[in-house]
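Next come two complexes, and both contain chain A; in the first it sits with chain B, in the second with chain C.
Take a look at the complex of A and B:
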């Protein structure tokens, strides 16, 4: 994209890098040098890599039949299904864990159903619980990415293959998967690297220790800043290699936009597809239903402060969304390989280290609690950036590939080109990206707990406080409210994008 | 008209001076989230103290020990309340604190207290709390708990929570070979959560029979939730004590006010707000003045507690016993 000046992309990339690396530097400076990881930390690193790899593989493997079924079939409510299937990805982690336990826990639905059949209860706690939770979160993402690959195969190819009686799977679908899967795997692998609460609560003990827990321990409990920095640097190095993989892998064409009509197919498997979709729906929707079921009574017991917190969360989410788009758009338009790295870096960054570093940077200037909400907006925006960028970048590429020459011949440059060529093509991915950013930001506890915000609590922080004050029922009600807020924001933005595109 | 403008102008000039004067009468108290939360003792304590001192009390919420370690001598705090005794050595290491200046004779802890910097304001015993409907023969000793294989337990991670660390120190004291004890207990431990609230939530949802909590937890269930099905298993070996401490910052701008607050902590007025708001025992209130629901709680025969030096010294070995015992 040489026709446009590159400086906004470089500036946005630089801002993101500064936002992530300056806090790291502040912690390093405070520590007076990097520490050396303990033997237990290496075990944590091994477990982290292993569970992230397994989670990515399983999420992708299970997503293939679901994406295939969605690509092959047309039925009423398909669009709604695609929307709802995306929901687990934007659930707040702590809420999702409660929902998973309500279904797969000892006294959950699954074991209640197994008992009368004379089957032994299935335990959720252990490494398999960690992987189960990660698949729950990330399989929907994988479905979206892989579905894009399927939809990119032109309908004519299927027609041709059918008329020649040629094997569709081997000729068309396997090559497509070979292109799409590496990028999908890399993104989910990166997401699972920084897992903390999932691994600890469902992991069942110190066997399931992740690097992020080791960072938490070093930072908040041992107050060993040097060790925390070293561990955070290891995470950054892992992210850099992951980003390199993503860049080498051919990415699927679009992330969320353009889930168009399904291709007409002549191969069978209606029953199989219905079964696959039914199972996926059961797996993804039952925990969410349980959260709603258990949280509903708690709605009546919410202390009045919860509503103020919900409003603050809404404002934080909207501000973070605006900032995310302001960063993602220039990076997607003009960022080069530095942009890719900057856009992916927040994925594998420890929010705890970023928050602590920002605290150290801010503290000499102003009382940190006075800037608790702005800093939360900043960090939430950075954390949502990778997803917004992934939604925008391929759509821009497609628009340039499709109409770039025409725009060239008409002499469309700079802002005119942006206005007439790119923005119209970007309405849907922009809506989707904004929805993701808003939902993730509303649901994330983020760094606000570190900034000692007394009466400035957001909804996730309020929920944590209710739990600490023994008020589990009210906390479940707050969780339901949190989901409603996250999903509502996502739905509104996504819908807005679709409408603008139509 | 002119007088109004003159009055306004005067007000604008005098305003900052007045504001500064009242700012010097603000006491900044660092407290944990649960302490200053609407259902915690914080709001009532703020109200009572403000009425007494004619000043303003501001809470700054968060995990207090990491907070002051991060801030160092730039801290805004005048008072830090809610330091767990297992973290006292770290807090003292900052060198931020002045003597508490309160007569320890007022304290009613089951152990003697001689520390001149940290003042206890509440305490409880660590305990395995169980569901009386699921467990009809609770273990009566730690050794029995370890031998039982019919119980499922949730605990907190000693590497991320003070209650988990206290459990590790408790086992380190009770057992000669703590690592072996952890290995024997491991089959019963369903999961290890980052903090107390996640474990306790799992317990209330029926995910586990027992949870690492406090002997005072049943009082909450009974008095606030009308729930009689939660009880603490009392062990023969004795129970590890959790003591929460307060201290005043040496560099405070308001030494008199800070001292006044430290004195306030041991008054019956402050202490009587602790039980049914912080759900723990008051540190300076005779047992006969406790609420009935607290007097009825079974109390362990002996208290186990490490002083600061021992706690700091045993910390790493106790955590290592947990880690290696649980991963055997």
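Take a look at the complex of A and C:
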């Protein structure tokens, strides 16, 4: 029974497939010019794999005690804590890095505390910093994924275990972790394979260059297309294997509702849990606090070019948001597996590979810097699409399951079905998806670095340049502005959705 | 008149056979054990399940080519009979115009229908602000407005207490019966069948029997129904 026209969903899916696959085609087409990888390329591949594996292991290992504490304790402020765990996802990467430098950097809080004790300063530039930043971003994600697993254990089992005085850990929790951890590790591994901004700012050099960063350097500094193509092919193979891992491991749902619950249990460990949660919050909140602290004075004398960059970021974010929704909504309404594939495909691609392909496509026609902002909008929209789709598709399914037959029996089809059945149910997820797309896009530092000329920087790129010039105060001021922009956009859209749904 | 001609419905291993007619304006209780196929029968008439064989005719016209929304059928489900995000008025106007445009004339008709079921002035409220019984009344008002001759009730009052249920059945008879609608209602309770009216049909062991007088049927039930009723 066809209730909605299929062509908008088919067209949107086709567009996404073209946007992702055409650049890939361009890379393959130029592959004739690619040489066999040089030693530096192999080193980049080794480092990429190694740091992604280490980041995934550390994130998951640290997340287990945090998730357990959240699963078994009820206390005031718990909801706020769960909220903080969601923040790194929409926090611009470059902003978080600046905060991490303020805490863990050479003249940061930690080394200031270690110095008087006669301990050597801890370095943040190099592989340490890359892994540290990846743990900062992905540990909260791991907590959310693992917490889902914990809360999926029925309360009766805990009651039964308590009445038998059986070891909860071995009986219930180890089997649950064995189910949840592979997916968690795989998804963090995949995310870290394609991380660019972290490697750009904290990594570099022969011992801490990822493939993604190497592509950027080959295109931008060496203008060596052949090498960029070789590296892009390596990255494609990496992403495809990473995505296959995630597919095999079956990812638990991090977006799912119900993180607000906790299960009553009868085993001890109150002090331990309090300590674990306190440390986790310190780790997550201190960088954010440092940005506010250091950035506030910088706000007063921002370099004038920062305002232009902020305006460009705002426009890019709004355009990318509109495009994301224009793609995600028809694809989600279409509900075919080809649409699902198209919506999730950007998760398995890297921004820099897509960027390289687009660079190769436009380069013979016009100067890439002329299309820097439109290309950024396109790529950002594609990157936000999987998350927007994930927010919309279950809501559509729920509305159809709950009231689809009623709508059928009343003859609601096409636009009237959309208007009276689906859009009202979608107001909230649409607002959430728009907020996510806007925040991700405003904070993104990826293809823009590949394309932009000096006077075209978005705010994240401007921040990276200020940091490279060691103008840390100005960078911190710009960081505050960027936080206000991304979180403000997220809040506005999300709130708008909630209000429309009320 | 509703005719089920040599009808066979199949869902997986389950098969249901029916060859019967319901007179126009009849009020028929559909009785039988759980899983016997009562809801399946209604779903087929409403157009949610395509028959494997046979025809469903209303006033001599084959319903097969018609989508659920185009059939002369109003259906009340077990739950979810109102869109929760729309006001009662918006919910009801969809029965008059699928595009949902409210005109002064339609407003007046909605208000009259609401008054008819004892909900005068409830138009601007959301379903969540109504009690279960009031929600059922609002759904009945919509069936009244839709002017579709065949009303299918798939246990819409099952979640209500006995007193409220009796009240709703009286309202069905009074409002929809008086408007000349043909009514088929799935129920588990013999009392409900008696209260609804004149006819009853039994769905059991893969067969829907022709409707007969409800009192006679309950006084001398066939073996399957006898087991089910526990006599």
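Criterion: the second predicted complex is superposed on the first by the 296 of 502 C-alpha atoms of A that agree within 3 Å, B and C clash if a C-alpha of one lies under 4 Å from a C-alpha of the other, contacts with A are read in each partner's own complex, and residues count from 1 in each chain.
The rule we apply is simple: contacts are C-beta pairs under 8 Å (C-beta built on N, C-alpha and C of every residue); 3 or more make two chains touch, one makes a residue touch a chain.
Every value quoted in this text rests on a predicted model; they were computed, and no experiment measured them.
**Student:** Can A:360 be said to touch chain B (first), chain C (second), both, or neither?
**Tutor:** First partner only, chain B.
**Student:** Does chain A have more residues touched by chain B or by chain C?
**Tutor:** When the residues of chain A touched by each partner are counted, B comes out ahead.
**Student:** Under the stated touch criterion, which partner chain does A:186 make contact with: chain B (first), chain C (second), both, or neither?
**Tutor:** Neither partner.
**Student:** In the superposed arrangement, which partner chain does A:131 touch: chain B (first), chain C (second), both, or neither?
**Tutor:** neither
**Student:** Look at A:409 in the shared chain and tell me whether it touches chain B only, chain C only, both, or neither; answer first, second, both or neither.
**Tutor:** second
**Student:** For A:425, select first, second, both or neither according to whether it touches chain B, chain C, the two together, or no partner.
**Tutor:** The second partner, chain C, only.
**Student:** On the A-aligned overlay, A:107 touches which partner chain: chain B = first, chain C = second, or both, or neither?
**Tutor:** first
**Student:** Looking at A:305, would you say it contacts chain B, chain C, both, or neither? Reply first, second, both or neither.
**Tutor:** The answer is first: A:305 touches chain B but not chain C.
**Student:** Could you tell me if A:471 is touching chain B, chain C, both of them or neither one (first, second, both, neither)?
**Tutor:** First partner only, chain B.
**Student:** So in the complex, the part of chain C that touches chain A is made up of which residues?
**Tutor:** 46-48, 67-70, 73-75, 77, 80-81, 83-86, 90, 94-95, 98-100, 146
**Student:** Report the residues of chain A in contact with chain C in the complex, numbered from low to high.
**Tutor:** 1, 402-403, 405-413, 416, 419-421, 424-425, 501
**Student:** Can you list the chain B residues touching chain A in their complex?
**Tutor:** Residue positions touching the partner: 30, 33-34, 36-40, 58-63, 66-67, 69-71, 74, 76, 90, 152, 157, 159-160, 165, 186, 189-198, 200-202, 204-208, 217, 220, 224, 279, 322-323, 326-327.
**Student:** Of all residues in chain A, which touch chain B in the complex?
**Tutor:** Touch residues, chain A against chain B: 40, 94, 98, 101-102, 105-107, 123, 125, 196-197, 200-207, 213, 216-217, 219-221, 223, 303, 305, 356, 359-360, 363-364, 367, 369, 449-454, 461, 464-465, 467-472, 475.
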